[in-house]
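These notes open a run of structures that come right after.
Note that subunit A is present in both complexes that follow, paired respectively with subunit B and with subunit C.
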Partner chain A sequence: MSLLGFCQWLEKTPWSIALHESLWVYPIVESVHVLTLCWFLGLAVMVDLRLVGLALRRVPVSQVAGQLGPWMVAGFAVMAASGALLFYAIPVRTYLNIFFRIKVGMLALAGVNAWVFQKTVYRRVAKWDLDAAPPRGARLAAWVSLALWVCIVVAGRMIAYNWFDPPGVH
Partner chain B sequence: MSLLPFFEWCERTAAGEAIRNSLWLFPVIESFHLLALALIGGAVLVVDLRLLGLVLRRQPLADLAREAQRWLAGGLAVMIVTGLALFSSEAIKCYYNLAFWTKMSALAPAIVFAFTVRRKVAAADESRLRPLWRKLTALVSIALWFVVAASGRWIGFSG
Partner chain C sequence: MRSRILVACFLLTVATTAAWAHHAFAAEFDATKPVRLQGTVTRMEWINPHAWIHIDVKKPDGKVEKWMVEGGTPNTLLRRGFTKHSVNYGTAIIVDGYQAKDGSNKANGRDLTLSDGRKLFMGSSGTGAPRDGRDPIEPKR
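Entry: the complex of A and B
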């Protein structure tokens, strides 16, 4: 089955229809998704700002990343779950939406960026833990992360607007 | 006196009209409003989680709070400028919108609290203040900002 076929099947499942048509649940799920911006993304931004040397400069990097890490993971889980529900409520239109595709691509890049950072420069964090301005590799990863998340938030917000929807899709 | 004439005037401003008549401006400004939300959220949460004793317990609270406060102020500046722009494009809708008034009623105390009580509590000598006061401060802060963000999102759903 193609991805589009899968979305068309998903759209006809009773729970998807119920969620789409619900008066309260859909807005509540969307609010949860937006509020996790404060929770997951806010903390991620603080870690990135530490890595580029702009915030919390006197706190060791491993402390900022290590202590905020579990909170970020929890926030991300809520964000991903609520995001999946939002997709589930409107699968076909979302799948065809150009901003949704951009967002998914950027999310994948942000994931790769975080993974590379963990596997390379962060491995040697003991050497630069106390530096007010971490090494170039760490700063680069943080700037890339910040830039990607700006794009993800902007693209995410744009999904709701339908200027680029193919005719007949809603 | 009713505030309605003021809201009507806001909606007639050049900025309000430009945003209302543009396809792109509202969503783009809204996106930056959201990015500032993330910044405020991070700056507030780092300190509140520390006040609750949940993270960075070994770091001096006063230091942490002073640094985070700068980002909170920066985030708030972006938030207020973009918020005023969004507001001016649909001021009359806001006037009749319960979520809008809920948000404003929480926003004023949230800002005042952040720059008075919470700032003092975070700067106080940690050994001289009972942990209960720090926890209470954090909970009030989180509750106020939660209402601001949640009712803010709700403005778009209602009316």
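Entry: the complex of A and C
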């Protein structure tokens, strides 16, 4: 089954129909998605700003990452779950939407960026924990993260517009 | 002083957010391109965040044009007396609305008229579509 075929099947499932026809649940899920985006991204920006050496410069990096990390994960989890529900409500049109594809690509890159950071430069954090300006690798990872998240949020917002939707698809 | 500015910013944000829909009318539709589409319904998509009515419009030369007409959310439509089954496959309707800026056969629906003369409003006003006072629910200027 192709991805498009899968989306077409998904769209016909009773819960997908209930979700996209709902009077209140869909707008509530949308709101939860935006609220948890603020929650997660607000914290991620602070961690990134610490890593580039612009904010919380006197707080050890491991403290910033360690204390905010669990809250970031919690925000991300609800954001991802609500995002999945929004996709589940309107699978075919979303799958075909160019901005959604850009967003998913950027999300994957942001994930790879965070993973590489964790596995490389952050392994040696004890050596630069107190540096006001962390090493180049950490700064680079943080700038990449900030840039990617700007693109992710903008692309996400653009999914609403149907400028490039194929004919017959709303 | 500072807190007053903060309150003003907050109120402004709330006010503008309330005026937003999923996307603004002006981003996709052209208020200077009103269209009147007479045709039969081929599909009613009763969906968030915008409902869509698909219609076949018969041109004077006999050719059939496929159009898609956007409405408000199911919630918005329901408040205007519109239900999922107000229009079905084959229902003859006349839609008044505004064409998409890109010139495609998409329109933002303002209202539709059924063959018995009944009018249903599609909830486009309030998202930046021109207001003409015909929709009794739309806020007065």
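Convention: the second predicted complex is superposed on the first by the 170 of 170 C-alpha atoms of A that agree within 3 Å, B and C clash if a C-alpha of one lies under 4 Å from a C-alpha of the other, contacts with A are read in each partner's own complex, and residues count from 1 in each chain.
Basically, a residue touches a chain if its C-beta (ideal position, glycine included) is under 8 Å from a C-beta of that chain, and two chains touch if they have at least 3 such contacts.
Please read these numbers as outputs of a predicted model, since none were measured by experiment.
Trainee: In the superposed arrangement, which partner chain does A:Trp163 touch: subunit B (first), subunit C (second), both, or neither?
Mentor: both
Trainee: Scan A:Val154 for contacts with subunit B and subunit C and give back first, second, both or neither.
Mentor: The answer is first: A:Val154 touches subunit B but not subunit C.
Trainee: Applying the touch criterion given at the start, work out whether A:Leu35 contacts subunit B, subunit C, both or neither, answering first, second, both or neither.
Mentor: first
Trainee: Let me test your reading of the model: by the given contact rule, A:Ser22 touches which partner, first (subunit B), second (subunit C), both or neither?
Mentor: Once the two structures are laid over each other on A, A:Ser22 reaches subunit C alone.
Trainee: In the superposed arrangement, which partner chain does A:Val59 touch: subunit B (first), subunit C (second), both, or neither?
Mentor: The first partner, subunit B, only.
Trainee: Looking at subunit A, does subunit B or subunit C touch a larger number of its residues?
Mentor: More residues of subunit A are touched by B.
Trainee: By the touch definition above, which subunit A residues appear in both interfaces, subunit B in one complex and subunit C in the other?
Mentor: The overlap between the subunit B and subunit C interfaces on subunit A comprises residues 27, 30, 160-161, 163.
Trainee: Given the complex with subunit A, which residues does subunit C contribute to the contact?
Mentor: Against subunit A, the touching part of subunit C is residues 22-23, 27-28, 45-50, 52, 54, 66, 68, 70, 73-75, 78, 84, 102, 104-106.
Trainee: Once bound in the complex, which stretches of subunit A touch subunit C?
Mentor: Residue positions touching the partner: 19-24, 26-27, 30, 89-90, 160-163, 167-168, 170.
Trainee: Sort out for me which residues of subunit B touch subunit A in the complex.
Mentor: Listed in rising order, the residues are 23, 27-28, 30-31, 34-35, 37-46, 49, 54-56, 58-59, 63-64, 67-68, 70-71, 145-146, 149-150, 153-154, 157.
Trainee: Which bits of subunit A are touching subunit B when the two form their complex?
Mentor: It is residues 27, 30-31, 34-35, 37-39, 41-46, 49, 55-59, 63-64, 67-68, 71, 149-150, 153-154, 157-158, 160-161, 163 of subunit A that touch subunit B.
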